[in-house]
Each structure stands twice: as C-alpha cells, then as structure tokens.
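The next part holds the structures, each set out as structure tokens.
Next, two complexes with chain A in common: one pairs it with chain B, the other with chain C.
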Partner chain A sequence: MSAGFGSRVRERAGGAGLRLYLALGVVAALVALLAVLLVAPDSTAGQFAAVLFANSTFASALRLSVPIAFAALGGIFAEKSGVINIGLEGLLIIAAFAGIYAADLLGSPWLGLLGGVAASTLFALLFAVVCIEFRADQIIAGLAVWLIALGLAPFAAQVVYGSTNTPRVATFATLPTMGIPVVSEGVTAELLFGYALVDLPFFGALFSATPMVYVMFAAVVASWWTLNRTAFGRHVRASGENPKALDTAGVSVSRVRYAAVLLSGVLCGFGGAALSLSLGQFIGNGPTMVDGKGFIAIVAYLLGNYNAVGALLSTLLFAGLDALQLTLQARDVIQVPNSLVRTIPYVSVIVVLTLFGRTRTPDAAGDHYESGEE
Partner chain B sequence: MSEAVRLDGITKRFPGVVANDDVTLSVERGTVHALLGENGAGKTTLMNVLYGLFPPTEGDVYVDGEGLERDDGGGYVGSPERFDSPRDAIDAGVGMIHQHFMLVDPMTVAENITLGNEPRKWGGLAVDRAAAREAVVDLSERYGFDVDPDATVADVSVGVQQRVEILKALYRGADVLILDEPTAVLTPQEVADLFEVLEELTAQGKTVIFITHKLGEALDAADEVTVLRDGRNVGSVRTADTSREELAELMVGREVMLESDYEPATPGDPVLRAEGVTASDERGVVAVDDVSFTVREGEVFGVAGVDGNGQSELVEVLTGLRDHESGRVELRGRDVTDASRRDRARAGMAYVPEDRQERGLVMEFDLTENGILGSQHDEPFARSGRVDWDRADDHAERVVEEFDVRPPDTGAEARSLSGGNQQKFIVGREFARDPACIVASHPTRGVDIGSTEFIHDRIIDLRDEGKAVLLVSSKLDEVRGLSDRLAVMYRGRLVDVVDPDAVTEEQLGLLMAGEEPDDVPSLRGGADDAADPPEESGGTDAGRTDGVAGDGGDRE
Partner chain C sequence: MSDDGTGGPDGPDGGDPGEGSDAGVRGSVVGWLSRLARASAAERLFISGSALVLSVVIGFFIVLAAGRMTTCDTAAFALPPRVISLGPVSLGPFSWPASMGFCYDPINVYDRLFLGAFGNLAADPLNGQFATTLSETTILVFTGVAVAVAFKAGVFNIGGQGQLVVGALSTAVVVFAVAPLLSGVVGTLVLVPFGLAVGAVAGGLYGALPGALKAYADANEVITTIMLNFVATAVALYLTQDVFQDPDSFATQTRALPSYARFPSLVFPDRAGVSLLALALAVAVAVAVAYTLTRTSFGYDVRTSGLQPEAAEYGGVDAARTVVASMALSGALAGVGGAVYVLMVLGNFQTGVPDYGFDGITVSILAGNNPVGAVGAALLFGVLKSGSIVVDVGTNVPPQLVGVLRGLIVLFVAMPEFFRMVGRRVGDVAPERDRGAVATDGGERE
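For the complex of A and B:
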C-alpha cells in the first residue's frame, strides 16, 4: 500500500494540476453557496452559507488562529534548525497561564503578554539545554515539556487562585476601541453608502480584531523574511539540512539551534498569552484552554511545508473550520450530533494531509550534532 | 620555490592508538602533493591536524600560502600555527574538501559557497544575494570552473558538487587546498576534469594536497608524493623519479603483485538469472530499470558503474532485501522472485553486503555470534531449536584463521575490529557457506592492498570451483581484473555488457556516464540477451517448471 490514494490522485491530476483543480472546486462551491444564500436563505444550505459568510465566523477564525499561527512559526524555526519541537503545546499552556498571572500582578494585558513570553522562553531554554547540550531524544523531551506544562499550569493556578481556572483580568481592546489616533476612527468612520470598514461583509472582521491578530500577520512576514533573506535564516536552514556543512563553514551549530529553539519559545509565548488574554482568563480543566492547538500547529506548518506564509494559510483553514464548527453547533443548523460536528477540523486535517502530504522534512531534523565528531 | 606548508614532527595519539607518529611533511607552493597510503595509514588524521579539526599531540604546523620564510639559521620566521578549530585554519588560508561533501542539498550553489560568510546589506537585515552571486561568478570564471550559481546543489552532478566545494574554500581565501579522496565518487572523465582544475589552481599559485589510496592517481596528478604507512612517513618522492612498483612497495611494505592474471573462466550452466527486473528506491524513483542478465557456473559477472546508479538496489532485489515491481529472479532454475532472504540463503545464495556495519554484522555481537548469522536456523549450528555454541565458535575460528582477521579473537565484539578486518570476516563467513552463487557488493571496500589481493584470489578460487559470482564494485580495476563479463549500469539500466579484457578505460568511463562510445567490445547484440547461448532458452523453460515444483515443495 505504498502508493496510497493521495499519490494516485496526484499522479492522475499531474502534480500542481491537482491543487489548481481543488482550488477551483473550492471557489465554485463557495460561489454556489453564495448563490443559495441569496436565492433560498431558509434552506439548510442557505443557513449553512449564512454561517460560512458571517462576519462573526471570520472574526472568530482570526481569533482562533492566533495561538496556532504563532506556535506554527515557532515550530518552523526549531525544526528548520534540526530540533523537532513537539512541545509547542506545552509552551502555549505555560504562556497562557503566565500571561494571565503577569497581567493580574502588573495590571496590564501588555505586561501580561511579556510575562507569557518570558515563561515560555524559559521553558524553551530548558528544552534546548536538554536536547542540544545533553542530547536527549527530542520527541521524548518535547512530550515531557507538554506533560510538565499540562500539570504545572493548572497546579500553579490552583495554588495561586484556589482553582484551576483563574479569575478574569483585563483583555486586549479591539482596534476600533483602542483609541489609536486616526486608525481607530478610520475603521469606524462611514466611508461609502454609510458603511464603515468594520461593517464590510466578511472582511469587516479584519478591521475590528484585537492587536494580537495584527501582530500575528507581522510575525508571519518577519519570520518569512528572517528564514529566507537573512544570514541567520540560512544558518538555521543549513543547520537542519546538513549541520556538518555549517560547522565546517565556521558557524556554531549549537548556537544556531539554541537561537532557533529560543525563538520558538518567544513565538509560542506570544501565541499562548494572546489566547488567554483575549479571553481574560486561564482555563486549566482537562486539556486546558490550549486544547491541542499546539499539535494542530505542527500539522499546520507541515502542511505549509515549513513556509511561514503556507503555515498561516493552513492555520486559517483549520481555524476557519473550527470557527464554522462552533457556529454550526451554536445555531444547530445541520441535524447532526454536535460531537460529530466537533470532529470537522480534525477530519479535514487528515483529508488535507492525505491529499497534499508532500512535505519535505529537513534532512537532519531530530539528529543530534556534536562538532568534531567523525 | 618555497614551502607553503610544513608539518614538523607531528604525532597524534588517540586513546589506545597512535594515528600519526612523528610525521614531517613539506609541500612546495604552487604544486600538487599527493598523500598516499592504505586505509588507516593516518592520511586523513594528518590532514585534519592541518585543518584544525584535531590539535596535534606533538609537533608544529607552519602555513603560509605565499611561501614560508626561512631565517639564516634554517629555522622559520614566525611562530608555528595554533589551530583550535577549522575557523582558525580557514583564516590562515587552509581549505579542506572532505570526502563526503559538506553541502546543503536544497540550497543553491551560490548560497552554499557563501554559507557562513554571506555578504550582507541593510545593516545585516538581509543577505546581499546579488553580491554573493557576483563573487561566485567571478571566482568561477577566474579558475575556469563551469558552475551555475543559481542551480540547486541537489540537482547538479557529483563532479559539479565537488567544484562547489573547491569554490567554497577559494571564496574563504584558501591558498592551500586539501582534498580528501577526491576521486572516489567520480567517473574517469570527471577525474580527468578534476585534474585539469587542480593544474589551473596551481598555475595561479594555489597549493593542493590530495589524499588518495590510488597509486595511479597520485602518479598522474601530483608533482610529489608522500607515502604514509602505519602513521609514519615512509618516503616523499617526486613523481618524475618513481614508479608504480616503488610506490606500492612503500605503501604496503613488501612487494605486491599489482596486476594478477587469472585463467579465463569456463562457464557452465546458468545459476543466477534476472529477467526484466524493475525496482524503486526509497523515494519511489525507479532505481533498477528492466535489468536482465544471467550468471553462470564458473564465471564472475561484474557490474560497474558510478555509485548510486542502481547497483545497490539491484543487489537488494537479487538477495531479497527489496521489493521489486516487475520481472523475475531465478536461482538454479528455481523462481525465487518472492522467496525470503532465508529461503534464498538455503537455496545456495551467499551475500557480501556493501555496508558491513549496517547489514553485514551486528556490531554488538562477538565474532562467534556474527559467524553464524544467516545460518543460525540451520544445521550444524542449530539443533533441536538451540544453537550449538561450540560448533559456532569452531566455525568462527576457522574463518578468522583462513582470512587472517585481526585480532584473532572470536570473543571480540565486531565493533572493536577495524573496518578492513570486519570486511575480511564477512567475506570469510559468506564464502564458507559453500554457496552455488555469491553476490558480492564492494567486497574489498576499505580493505588494504594485501588483503584485497587475498580476497580477489579467493573469489577466483570459488569461480574455478564452479560457483557463480556476481561482483559489484565501484573500483574499476577490481571489476575489470576479476570479471569474465562486465556489465555497466547507468541510471538503473544495464547499458551494455562488455568484454573486460578488450574494453578501454575511456570506453568504460563513457558507458558509466551514460554515453555510447564507438567500437565497444560488447558481448550483447541487438537482442536483450544475445550474450547467452541460444540453447539456454530451452533450459530455462525446463528450469521454470522445476522452479514451480521446488517452490511448492519448499513451502510445505
């Protein structure tokens, strides 16, 4: 069964052709749904379309994608450098709690964000030391990071607040209410036909999001640039492909790997803290409020083939499906048990991976490297 | 003329081993200097000392690409170098091109050359790609290299990759270039090109040291040769004043028969037969493409080719280690296409794998245990479900004695043996099976000249006993010297089967590069298997029927 369904489909459709056909198919389906929405808004398909195109669906997709996208960017840096960081989930959890704790202590969501980043980076440092210095198995160390965070964050919440769920703290304001001169007024000002930018159908959500959404877009661009245009980015890629080549070129492989893993800690810090601070609370029950987002992030960057922009697009896809699933549940549109509806994002992950699973993993990912070894 | 490099009394000790013992080496500026020696003679260690990878235990290193200056007393002006890392050596103008290229496959040629020394712009916020490209083009033109700076390294040939490595060193300002076994992965034509490049480099004042264990290359390309044996410098000679025989004697320490003339073979019935075998490699790319041949009793069938043209995959299909996509394999008339490793071994197929540590031995096992690998289920070693260790030990001792494996201790872990001795043990074990057919993949890889000679003689002995031998090797001398018929593989196809005594090296080189030279002494006509006598097709049909019966019987 080495030639699976996916590869057979690919063969038949001929490489890039398949992507084109699928993209066309998706666009056609969207147009059809839009038509249904206009013609027969009361049918099931019409209601479905209404949910799909609702401003609120896109808004919550953006909100949900923030932690995933940051974690995915972090994962890209670490794995491109040759260290598989499967502990992204753990870093998100730690940052989510530390963000709330710091915001509670210091009284500002921005300082909370800093606290989350600091905690996550510290954890990433621990992971880096264990993996790079002590040559521990990266997968096991990554799982340890996750399990420790999964226990530690709710425990800390219990100790500090007497409950695994923290009390509420102040959250980030959204763009229209942040009071940034010109910008805040600009997006709410009535421009055409009495519509403001925030009232645009669907895309209005882009103009009324929290600052972390914009930071996310900036981080994607900055990550792409760093990896593809700077000398450091080249060193990161070389370190993950052929560390020996980098070493003999006179660049310290472990220094590059430390930097990349710490960077993944910083990025996860942003993601985790943004997650809890946008709700204003850390929820530590069960799988905590992070609830697998770190693992979805791994899928997202693999699907994006380690490209920052690709990772963002797949993140938006998963987050969009998640948002859709949430709204469908809330409005009870399709007569299907909610537990099935909840599986939509995960089923789509599997389908998408089967069809597009053409990720090229860095050659030396997961391998230890010690200078001077023959 | 002045010296560019002087190694003075270098001794390098590793725990339990003296790799270099008081070696003094002097290299003239603007010359090609060959460092010749058998495997384990300490060539690479010595160069790693010069390149700053290992600090010497004793001795001094002097380097100056412009030539070292002497004072009146004959001593050197300035103090010896202290290299703590390759970085220091690079700064002093020493560049090394390793045997395994240090290249990042998915990156472009220009990115690889500038790695670690990228020209930057915007205060370091970006790599100045235009400047990098220009620097590479300049260098490439100056030394007459034909290299496309924008090509991805994974897509260019091995010969070009080697040039990229050389450019990388030049880009870092190297005046002294060390090449470690630079010809191991090249076709004869690429070797000739490389030697031209070396000439151009020395003409422009660069100094080249290249490590090799091939006599002919040292003589062809170098101005001077230094021979290392057991970590000691046993002589430096100008190539103009020496001969192959003298160098061989220096290398081995005794007289060697360089060219053995073996009696021609007297082939009998077909033993191993492949028909339209097609298989893919790990990436799903076709690696063996419709390969057909027959190996007969009492002949050596050689397969030559540049490494990576499907030889490994072909051997794996024949020995049952890899799934095939189509075609069939017959052993003594029986269809073994789908037979397991164990079935094939029982049917009389011995196998010397190309990777001794991966497939030939269990490194943690001692020689007694390794000696029965593959026979552990069979008489006389296995009796009523348990292994008879006394017999196993006797067996291992016989192999060790016959093949002069050192140290002669059957209780030693395979890991503790040197590569050459591991190889001798595997060859001994496989030959001791008394097989009908031997598939030998690089049987003398990493083995010194003396032992190589011995293994070659044993292969011919087996042939003369009427065994069928399939020999795959990337050493042209070896396949040409031993084979009775020689097939050349290129991109998974057997491009031709030739008479090894009549074919010229140049023709072989062209065949190995996928071209079609004129007047090749081909043993294969227009039809696929014209090399096989016509009466054979009838015999094969009969064999097939037998094969089916045999198959059924075996599975009961």
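For the complex of A and C:
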C-alpha cells in the first residue's frame, strides 16, 4: 500500500474472487463445526465448536470489534482521501486514556467518550497539519503519532494517577440494564417458547451488548452512506484518486483531506474511548491495552477493500479469532500454551495481508498534493 | 511513495535534474547520488538539530503542564506573578495574579536527563551510570543501523524489536548449550563471535520473512513487521517460560551463561554490563555498513531500489531479491544487537526486553538513515535512555517522558518543510527544498 517499489500496485481482478473464497471458506468451516457440535459434542472438535458458538464468545467478539471497527472506518476515510493514517493505533491509545480521564473528572462514561473523541481529534489535527501543511512523509508521521501516544498516555496516567494503570471508573451499562423504555424490557421479555431475545443461543449477545456496539453498527452504515452516497464522499474519493481533477473542479484538496483525517480522529476517538470505558480502566504498560488493534484495523480495511461493510466483516473475523483464543485460554480446551494462542490474531493478520496485500490503494494515497495556486 | 511534488514527470514542480528515468547509466547515477548526499548533509544536520531542540522545548512545556496536573506539597518550580491586560480584556492563560507553582521543575529534569547520564565523570570516569549510557549506545547503534539499511532499500523495518528479541533468545539458548564444551580464554574467543553469529542468523531469518512477504506478495512491511514484533514477544515468552526456564529462578529467564561465554568487560568493572570491545564492534559495523552501501555493487543495488525501483529494475537489479537481502541484513544487525544485549548486559535471556528496536527507528531517522551518523544519534539516545533512569530515581517525573520525546523527534524530523518555512522566514538558511527529507522510500530521494 505504500513505500518504495511495493507501491507499484498491480490491479488484480482476482482479488475479489479471493475474498469470495475466503468468505465461503469461513462460512463452510463454521457450518462444519456446527455439525460436529450437534453430532459429536464430546470430541475435541466438538468442544472447540462449543467454545466457538458460545454466547460469551460472540459477546466478546462484538466487544473486541468496537475499537478495531471504528479505527478501520477512520482509516478508510483518511486513506480514501489520499492520506495514509498509520497512526490509528496512537489515536486509539490517546482516546483510551482521555476517555477514562474525562469520565473520572466528569463522572459519566458518556462524557468520558466525548473527552476521548476530543483528544483523538486533536491528535488527528496535529497529524493532518504535519502531513498536509508541512508535507511530512505520511508513514513516518503516522508512526510518530503512535510513538508519541505510546509515551504520552502512560506518562499522563503516571502523572495523574501515580501508575500507568488508572483506577476504575464507571462503565457503560448493557442494553437490558440501560433502562431504555420498551427496548430494555423488550429484549429481556420472554417471547417464544419462554426464550427472551438475550437468551437466544449465540445471537443473544446481540441484544445484551453495551451501547458502543450499536453505535459501531450505526457508524458502519453512516460511513458507507457518507462515502458512497454524498457529495463529501465523492470529494474524498476524488481527493485520493485524482486530486488534480478535484482541484480543477474547484474543490480544495487540502480541505477535503483535513476533513477526512479529522473524521478518522473522531472515529478513532469513539473506538479508543469505547475500549477503555467498556473495561472501566486504562492499562498503560507495555504496548498499552490497545495492543496493536490500530494496526489490525488497517489490515481489516484492506481486507474489506476500503468498504465500510467489508471492513466490519473482516473486523468481526479478527475479533472473532481473538475472542476464540480468549475463551480457549479460559476454558483450557486444547493443550496449547496461552502465550502461543495469543499470537493467533497477529499471525492471521500476516496471513491475510500476504493473501490480500495487493489491494488497489487509491492512486494518490501517500502523495502530497500541492495546488498550483500558491 | 511520497513524491512531495518532485517524483513523477507530471509532478506540479517537475523539471528537477536527473529525473531518474535515465538511471540505466550506472556511473552517472552514482555520481549524482553522491553529489546529492553531499549537498544535503548540512541541511539534514540542520533539520535533525532543529527537531531535537524543538522536541526538547515542547517536552519542557509538557513537564510544566504535567506539573500542574499532579499535586504536591511544595512547588518544585514557580513563575512569579504576572498580570497582562489589554484595556478591559485580561489575557486569561497568559496572566496570573499570584505566583504559579509547578510540581515538576523542567530545568532540573533536563539537567538530570542529559547530565545525569554521565554520572560524575571527573571523580569516576568508570561510574555505573556512564557505563549504562555506553551499553545502551552500543545496542542502539546496531538497531539504528539495522533500520537505516532497510530504509536505504526503500523498506521500512519496524520489526527491529522482534528481530532483536529472536536474536537475543537464540544466542542465549545456543551459546548455553555449546558453552560446556569450552572454557577459559579460548571459550571467550570462540563463544562470543559464535553467539553474535547465532544472533545474526536468527535475526536475519526473522527479518527476511517480512522482506519476502513484501517482495513476492506485496504485503506491506510496516504492518507485517509490527505484527511480527508481537509474535516474537509472545513466542519468546512461551519458550522462556515453558522450555528454557532457569529452574532456580522465579523471574522468567533462561539459565545464566558462564562468564567466559560473555563479552570481556576490559576497562569497566564486570558488573557494569558494558564492554568497550562491543562498542568498538558496533562502530566498526556501522562503518562497514556505510562502506557496503556506498562502495559496493550490492550497496548500489540497495540504494537504487530505494530511490527509483523501476529504474533499478530497468538497470538490471533484481528488486525483489534486493528487498529480501536488505531486510535479512537489517534483521541480522538487529539480531546482533540482541546477541550483544545477552552477551554483554544480561548474561541470559529475560522477557521484557527494552524498546531497543523502536528507539532504533528514531536513531536512524535522526541520523538521516546514514549508518555512521547513527553512531552519534545512538549516543544521544543512549544518554536519553540512561538519563531517564536518573530522572526516575532523582525526580518524581515519570520516565515515560523519554518515550514522548522519542515520538516528537520522529515527528519533527519527518517534517523538514516546517523548518524550511521557518528558515525562509528568518533568512536564507535552507535554499534547497525537498532535500534530505527522511522518507520511507530510501531517504535520499529526488
């Protein structure tokens, strides 16, 4: 997608076919495992399938999806506009800390969310100025955003709380406990055969999630709509594919790029703050609680071919694998050490990138554009 | 990738000399490259210096701001009262009626950070803090040069950390297995070079992997190397914990190497964990890499692949193989860094390896991807890393400040245009634009 001779992007019609095969393969594997679960529930594969189809696995997959999906949406906007934002990870980290800090100061997770979004957007503004105004190399500037956040968030946590891990704050309630009239009662009320929606096998998790999961689904739809059905979306795409044409049409390329990068900041703000506020704590040691989710998000939108819905599906795949390894660790089904199981999401990212590395990036992505008017 | 307006023939301000399409003529390109390198060296120094100063200034304000966010009994630093008002409007943030106190004293922090790293050199030139500074510098030279080599080939190796971990663990395990066969001076003469070679091979293979994925499958190396860092850390944790764990230790670490299998400390006391021999080796390696890049045909292939991949391929360079080779070399250098970390500092492998790989990126970027310049940048970072320990002990400012400075330096070096703009405002400091920018396409591009 960038850098050196690898940027000679070869358009591959086969890419779409490969994606279809991947999707079919995943579905086939799921069906096979479901069959095993019904036929031989006591075999290892059956136990594995039981873990895979557990309500709690889907619930944690949804929870783990939130930061990745938001960051991926942000990455789509930025890269579609021609600015490769490799600093998504850094924006998530800043938002995760700022979310907790604001929630702690202001006493509500919703205000915390606002604080996280504000901090992340501010950082995205810095990145935008550096890339668009001062024509920095986007990859290095993005890396710098990550490195700064990686230092600043634990630094701030240490300053404010005396430890790189913050104390706990209030978290979001889940849908059944939120007390929203009709809806909250609706999902817990017994409908057919004495089952409530939340008790549904596997899919019950959809009805007992935190509000951020629903915001994520809404954001995916809104992003798809904005990119594909609005004038702003057209401008963003033109700015990444053919900035000269956009300039000729009288639209300021740098203004569109600023908007897109700031939007990526807003979206990462939601993702990062949701991550820390769903746990109620910021964990800042080592690679912090974000732990590579921003980079996984980049691969998720590449695999999703810059499509918001595709990015969500790939996110669910990665988050699903992550949730699976968490549950496998907890239940001790297969005799593989935890530290090795932990590598599953990272290895799957490398495999996916190897198979789908030849995505068609926007033509002008990574390039600075200068209008001739100066 | 980034053309900054100079890349393609249809770029907005094209017409630069030597657009690269005629790069098939080897001699002229080499001459042009070396001219370019000379012309931009001064400016690059100017940019790196300015970036450093600006980062320090911003760090100053971060320390001040942090000093307002925390609480303390007595202010470590205070500003006298100041009231500025324009007529009826009082300038809120810029005026304060009473003396404003800060819990942290930024001047003291910088004093400890930069001077603390040297300890009391006059009283004891072999003091422990200075030894730490030199040992950090030694390892950072390896990781810095590692990143620089890859950069020159147009590949951004962020996986130095993982390659270093793999090299360190392999060295610790293999040398431990071989060590009983030898002893004494002969043991040192054989085992230390052997250990370095093991680190180089292990790190080199781990670096060649993302290189091959990039060259043959177009998998972006930035992402794959970052993922491989996570994988290396997790696998090293597993191997140390479950396979090579020292049974006599509660810490997650391998068994200690015998002292004859480690770097002789020569001048410094044994427990200082530094060897001037290793430092000399690091400097020699940096010079050798610089020579390889500028004076050999492999180096020519590497640099042209970084600058003008199409032209390089047209000129007969196998670009894919060059990418794999330079990533292998880069990984090998980081792996040697890991081997030195084991053979000089630790004497075994322990999980929780410091961020040498990431600091190597900063070192390389600060040095404009020049291997010899990386030695100077590594010393600067050795001072910062060692100084951060002094800051941690001597002040109550969190040592993560150095992490923030690291990021700021990378950010500012990445935006040379900013300094050129400032330069143009102030005077004609930087006449040539677009020279010397660090970039992911080789760093010395046109």
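By definition in this document, the second predicted complex is superposed on the first by the 338 of 374 C-alpha atoms of A that agree within 3 Å, B and C clash if a C-alpha of one lies under 4 Å from a C-alpha of the other, contacts with A are read in each partner's own complex, and residues count from 1 in each chain.
We adopt the following convention: a contact is a pair of C-beta atoms (placed from the backbone, for glycine too) under 8 Å apart; a residue touches a chain by one contact, two chains touch by 3 or more.
These numbers were taken from a predicted model, which means no experiment stands behind them.
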(message) Once the two complexes are aligned on chain A, which partner has more residues of chain A within touching range, chain B or chain C?
(response) C
(request) Examine A:250 and indicate which partner it touches, taking first as chain B and second as chain C; both and neither are also allowed. (result) first
(message) Which partner chains sit in contact with A:230 here, chain B, chain C, both or neither? Use first/second/both/neither.
(response) first
(request) Please indicate which partner A:145 is in contact with in the superposed arrangement: first for chain B, second for chain C, both, or neither. (result) second
(request) Return first, second, both or neither, reflecting whether A:337 touches chain B, chain C, both chains, or no partner chain. (result) second
(request) Classify the contacts of A:363 with the two partner chains as first (chain B alone), second (chain C alone), both, or neither. (result) first
(message) After the superposition on A, what does A:241 contact: first (chain B), second (chain C), both or neither?
(response) first
(request) Have a look at where A:346 lands relative to chain B and chain C in the superposition and call it first, second, both or neither. (result) second
(request) Would you tell me the residues on chain A in contact with chain B in one complex that are also in contact with chain C in the other? (result) 2-3, 372
(request) In the complex, go through chain B and note every residue touching chain A. (result) 53-54, 85-87, 90, 96, 98, 102-107, 111-112, 115-118, 120, 124-127, 168, 284
(request) Would you mind writing out the residues of chain A in touch with chain C in their complex? (result) 1-10, 86, 130, 134-141, 143-152, 154-156, 158-160, 164, 287, 291-292, 295, 298-299, 337, 339-340, 342-343, 346-347, 349-350, 353-355, 357-358, 366-368, 370, 372
(request) Using the touch definition up top, name the residues of chain A that touch chain B in the complex. (result) 2-3, 225, 229-231, 234-235, 237-238, 241-242, 244-251, 360, 363, 372
(message) Per the contact definition, I'd like the list of chain C residues that touch chain A in the complex.
(response) 1-5, 7, 12-13, 62, 66, 69-70, 153-156, 158, 213-215, 217-224, 226-228, 230-231, 234-235, 237-238, 241-242, 305-306, 309-310, 312-313, 319, 323, 358, 361-362, 365, 398, 400-408, 410-411, 413-415, 417-418, 421, 437-442
